[in-house]
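Dumping the structure here so I can ask a few things about it.
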Amino acid sequence: MESTLLEKFDQLNTQKGYKNRSEAIRDLIREKLVSEEWNSCERETVGVFSLVYDHHQRELNKTLTHIQHQHVEIIVSSTHVHIDQHNCLEVIILKGKTSIIKKITGQLASTRGVKHGKLIMTSTGSNLD
Amino acid sequence: MESTLLEKFDQLNTQKGYKNRSEAIRDLIREKLVSEEWNSCERETVGVFSLVYDHHQRELNKTLTHIQHQHVEIIVSSTHVHIDQHNCLEVIILKGKTSIIKKITGQLASTRGVKHGKLIMTSTGSNLD
Amino acid sequence: MESTLLEKFDQLNTQKGYKNRSEAIRDLIREKLVSEEWNSCERETVGVFSLVYDHHQRELNKTLTHIQHQHVEIIVSSTHVHIDQHNCLEVIILKGKTSIIKKITGQLASTRGVKHGKLIMTSTGSNLD
Amino acid sequence: MESTLLEKFDQLNTQKGYKNRSEAIRDLIREKLVSEEWNSCERETVGVFSLVYDHHQRELNKTLTHIQHQHVEIIVSSTHVHIDQHNCLEVIILKGKTSIIKKITGQLASTRGVKHGKLIMTSTGSNLD
């Protein structure tokens, strides 16, 4: 491979905290594989969904809990953080097919009163060895 | 506003589960504001970071815990999920300046043995009212 | 809508050069509709693809031209810019189904010697009125 | 490197049309370097900007031309395509500092009547050898 390309890559990796080049290349490959995984609708995968909302919003908590309870086989866990007097962060971990994870998180994000909903598309890890 | 543009937007919103158009517009505005928030280095904000790794990997758990303990004022909570016999998912919630959140999560992601690390850039919610 | 949310949005719009709020909202809606358009495989749309390569690379130009000529019904135009003594930029405009545009541009990007290939997913505009 | 990770990567590369693995790895590295390049404000780089608009829109063409003429040292070329009876695509190639490219394309995108404006962040290629 061209030595100047590798030099620049090594410089960047040092900045980012990588100990060696092959670890950094492995990470690029895994990132690519994960993004491919999410292009397919039927792959078993893992998503992490974050929701920011005002807990004073009437009925909101109840609605969010209701949606989650309809999908107990997909929702693995839910962590709640009190950010300030008004705002809550809820982080939900989901495991299942990409299409179902997208559907549930879409429903949660579009619930009235939710200020920001965002999905991390990650992986079960079993395809990344 | 052009009526056909709004018609198409309403159709999309119905699919996504929105009850009305103004809620969907508010969400587009908030998404824009959050992405601007993360362009600045000095804004106080919230990040959610997911890590997938093999818990058999020697010393990895110790290293990840060590990095987190150096930043206790930034790291709010950490949730651990056992995905399968080999793979773990750890979800870390961080609150602080965008630049520091990016630095810590960069360190965690580049640790040897971490298969996939990804950051959700969300918000404290206080700027989204 | 909440007045402080709109205030922050108006501030951002002024920075970006928008003359009024409704134009900025229309743009958010259109951006959403375009991104939905590209989720479907069978929609007629427009892509703009940029390629950076070294024109000294043997046979590269011939290969790129060959790929393009196999898809004359999709490729609308091609603009060539000499960036420096070594590097060329070629910008190709494609019109057709999203799946075919992705396939052709994937082939061009993976050709040996191409340094950077990237696709803008835009639109025919006829769905954005 | 783990052999199963490489196997999956090779499968993906074959699908995408890559002839060999090292070319695919080089492309991942270059993609990373280009995205880093655009994080800095002061790097000399290349952008490709696409604009979709209705040419019947009064004064629009004149406004777009006026903005472009104020930056002749940055704008390299402009290609115009008639998509249908109403819609035009204009593709503008820009060379200069990332901050200036972002500013000009922001102005063009926010002009009233522009339906969709999108920027490809590419590279001069001179840092990708």
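The letters A, B, C and D name the chains in turn, as written, and every chain counts its residues from 1.
What we mean here is this: a contact is a pair of C-beta atoms (placed from the backbone, for glycine too) under 8 Å apart; a residue touches a chain by one contact, two chains touch by 3 or more.
Keep in mind the model is a prediction, meaning the values are calculated, not measured.
Chemist: Per the centroid of Cα atoms for each chain, what is the distance between chain A and chain D, given in Å?
Modeler: So the centroids are 27 Å from each other.
Chemist: Mark out which residues of chain C touch at least two other chains, giving numbers and ranges.
Modeler: As it turns out, chain C has residues touching two or more other chains at 30, 128-129.
Chemist: Which word fits how the chains touch one another: line, ring, star, complete or other?
Modeler: It is a ring, because the chains touch in a row that closes back on itself.
Chemist: Which pairs of chains touch one another in this structure?
Modeler: A-B, A-D, B-C, C-D
Chemist: Once bound in the complex, which stretches of chain C touch chain D?
Modeler: It comes out as residues 13, 16-19, 23-24, 27, 30-31, 34, 46, 48, 50, 52-54, 76-77, 79, 81, 83-84, 86-89, 91, 93, 95, 106-107, 109-112, 114-116, 118-126, 128-129.
Chemist: Given the complex with chain B, which residues does chain C contribute to the contact?
Modeler: 1-2, 4-6, 8-9, 12, 22, 25-26, 28-30, 32-33, 36, 127-129
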